[in-house]
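Given below, in the form of structure tokens, are the structures.
Paired with chain B in one complex and with chain C in the other, chain A is shared by the two complexes that follow.
Presenting the complex of A and B:
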């Protein structure tokens, strides 16, 4: 009888209702957010490579930032973009913004309004940063602007002629940029920037992608890809490094660091569920072997 | 001729782009650039095609579904419009027996969303600068739709993944074989290694054994076994793409032209 009861319990532990798992995951994410659980992050070499490159860019260097994502991945990607944008502006580099995704244009506008304009009022549009907007064509677009940017971009996102924007004067093609940063996680994205711009143009390419996309980009690091931020952890590492070197950003928002608490607890909950499932599985097998 | 001309265009464009990659000098370099530009122009028309396709498929589904729902309402006799209204939740949300007619309400929502965004974007509704203004101006209706509908809906859909991934991991990661055990151990290392918890768990390890700390193991998994596997996949895909591209350029592979039947 006892054996039968235990067996039933073990079977239940192997097939926990998914709604129970959902509830635990919900709590694992919500509670650390409510109680503001924060961990310190140590930068890894793959993220540190991007930080070091931006940090060592001379004032006035030209950095192209491509917004290749949609609102679905904003929680993962946006913290990286904000941190990199702050870092670039602190280094006083020229920021050129564009997007291979149609949704990237809205996100770029929102990012400029939220980060660049209020935090860096001295940064002037057309002098220090420009938004070229979205253009269709995916890798075909990269292929064209690798040799002639003005073939595709005759105006900026506001309809201003490219030739009348001062910071566009020295730009003929992608080879004129000191660094290309792509943020995304899908197609087209960082892989296309590496294959169609970085490799043929010998331009340093780096950026950030969602955690699920990061493993696919490791083969390009470090020879073809300067560095890579993967998911919230990558963002948190970059944010931590920026705050460590620039104390003025301590009070700026750092969602990457804030989200590492919920991510850590959620991962631990997933691990516990996996352990429970496996322990129940092995105990059931042992019981069955004993009964046989 | 309907097949020969596209085949000829494919042959010329494909051959020139390949040559341009190896000999980026005149005239191939310039031709390769121009062909890429033509691609960008053609890509714009893909939006029209995509939008048209969406309207066609969901329009047909909507008409069929509404027709079936009305027929269902009429079956009860009496004032069928009243019955249609009363039974609306049943008729709209998958209550119809014939599955070809189900989900017509979702098609209606899709079409309404599509045309509302299209109108707000094309006509720049609510834009303070009118037709001359930026389509994503904060005061415009297009941006309002984007901020208050598209943005939260997409974020919600993606956020649901966390719950499904947790449930799927619990069911999939069972050490039933040697391969499954390797997968399970790797999953543990990555799950812990991608959080600060991984560093805390193995913080007690002496410096000489630092390579065994969870973050270092996670980095090793990503940089060595993952890299090797990904590289093999990439090379395999690349070889497949080369073979398929050659078949398309030479004209052996013609499925992209559609069938011969009229």
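Presenting the complex of A and C:
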């Protein structure tokens, strides 16, 4: 009788309704968010390499930031972009914004309005930052602007002629940039920047990608890729490093750090489910072997 | 399905619809009936509609999904027209034509080379015509040919030669006259991983003896790689869920500090 009850319990553990798992994951995410569970983040070398490069850029250096993502990956990518943008502006570098994804253009506009304009009012459009907008062509576009940027970009996102924008005067092609930062998680994205700009042009390429894409890009580090922020963990590391060095950003939003609490708790719940499922499976198998 | 069941289902649908409308109006009222409030409420409603699929497929999920597909397609089309077709095609072939929208480029000299991509574009669209769909193949062949050629060179240089170059690392690293243990271990793992991984995919010799051991290590390394990849995927999915919950709790309900 006892054996029968145990067997039923083990079987149940192996066939938990997926909705029960969803409920646990939902609670594991919601509760740490509501009770503001956060952890301290320590920067890893692969993220630190990007931070150090930006930190050591002389004032007036030219950094190209490519918005290669859509709203579906904003929760993962946007914290990285915000942190890097704040860091770049704090270092007083010239920021050139573009996008290989059509959706990137509006996200870039929103980011400028939310981060650059209110937090860095001294930053002037056309002098300190410019938004070149979206152009189609994927890797073909990168291939063209590697040698001639103005062939593809005749105007900025507002329709202003490129030649009338002061900070565009020293730019002829991608080789004129001190650093290229790509943020995305699909095609076209960082891989295309490495293959079609970084490697042939010997231009430092770095940035951040969704966690799903990160394993495909690790092989390029460190010889072909300067650094990489993989998923929300990379964003949290960069945010914490920026806050550590620039105390004025302590009160700015840091969604990467905030999201790591629920992330960690959800991972623990998933691990527990995997352990319970496996223990139940092996105990059932042993019982069956004993009965045979 | 009996008539009674159909009636009962219709009542449930009606009640569900009324509940949604009521919740929507209540949410709007909490946000003070502002435009921003409407957008946030609509966003919350669509988020909950998509999340409802976790329980089971339903009409709200289907509606949100169809809306997403339609809006995305329209967005890309409009963006493509205004950021590419207007400045990079019409603006190049006949600049005065774009003067009302982009006066900055209207004074530039015309470049008739852009007639070639214009013709290729028209040829590509020809497949929608009832006759002569084969014309599209020429434009498609051009796209396939140039893309393949472009990718071939770059993938060969960066993915093949570049990766081989990156894998050739010293197995013993001496720095400032002493052994750099961590880098040495890292390089040894890299070497072992690449070497055993290649052995696993070498099928011209039976995987036995020393070769078999190398192959086994290779499959273990592949498993660890897949595991790491899966772990990253889990992190990505949880991040998206956290992002949506943050939106619901903060932007919509204002529960977060």
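Details
Simple rule for what comes next: the second predicted complex is superposed on the first by the 292 of 292 C-alpha atoms of A that agree within 3 Å, B and C clash if a C-alpha of one lies under 4 Å from a C-alpha of the other, contacts with A are read in each partner's own complex, and residues count from 1 in each chain.
Following the convention adopted for this analysis, contacts are C-beta pairs under 8 Å (C-beta built on N, C-alpha and C of every residue); 3 or more make two chains touch, one makes a residue touch a chain.
This structure is a prediction, so every number in the text was calculated from the model and none was measured.
In the overlay built on the shared chain, the residue A:273 is in contact with chain B alone; chain C does not reach it. Using the contact criterion defined above for the overlaid structures, shared-chain residue A:105 touches chain B and also reaches chain C.
Using the contact criterion defined above for the overlaid structures, shared-chain residue A:154 touches chain C, although it does not reach chain B. In the overlay built on the shared chain, the residue A:259 is in contact with chain C alone; chain B does not reach it.
Applying the stated contact rule after C-alpha superposition, one finds that A:34 touches chain C and leaves chain B untouched. In the superposed model, A:215 makes contact with both chain B and chain C. When both complexes are overlaid on chain A, the residue A:281 reaches chain B alone and has no touch with chain C.
In the superposed model, A:169 lies in contact with neither chain B nor chain C. In the superposition on chain A, A:44 makes contact with chain B only, while chain C stays out of contact range. Within chain A, the residues touched by chain B in the first complex and by chain C in the second are 22, 25-26, 29, 72-75, 105, 135-136, 140, 143, 152, 159, 211, 214-215, 219, 231, 233, 263, 266-267, 270. Within the complex formed with chain A, the residues of chain C that make contact are 54-55, 75-76, 79-80, 83-84, 87-88, 91, 101-105, 108, 146-147, 150-151, 154-155, 157-159, 162-163, 165-166, 225, 228-229, 232-236, 238-246, 249, 255-257.
Note for the complex: chain A touches chain B at residues 16, 18, 21-22, 24-26, 29, 39-42, 44, 70-75, 105-106, 109, 113, 135-138, 140-141, 143-144, 147-148, 151-152, 157-159, 211, 214-216, 218-219, 231, 233, 260, 263-264, 266-271, 273-274, 277-278, 281-282. Within the complex formed with chain A, the chain B residues making contact are 29, 33, 36-37, 39-40, 43-44, 46-47, 132, 134, 136, 138, 143, 146, 150-152, 154-155, 157-159, 162-163, 165-167, 169-171, 173-176, 184, 187-188, 191-192, 194-197, 199, 215, 219, 222-223, 226-227, 230-231, 234.
Listed in rising order, the residues of chain A touching chain C in the complex are 19, 22, 25-26, 29-30, 33-34, 36, 72-76, 102-103, 105, 133-136, 139-140, 143, 152, 154-155, 159-161, 164, 194-196, 199-200, 210-212, 214-215, 219-220, 223-224, 230-233, 255, 258-259, 262-263, 266-267, 270.
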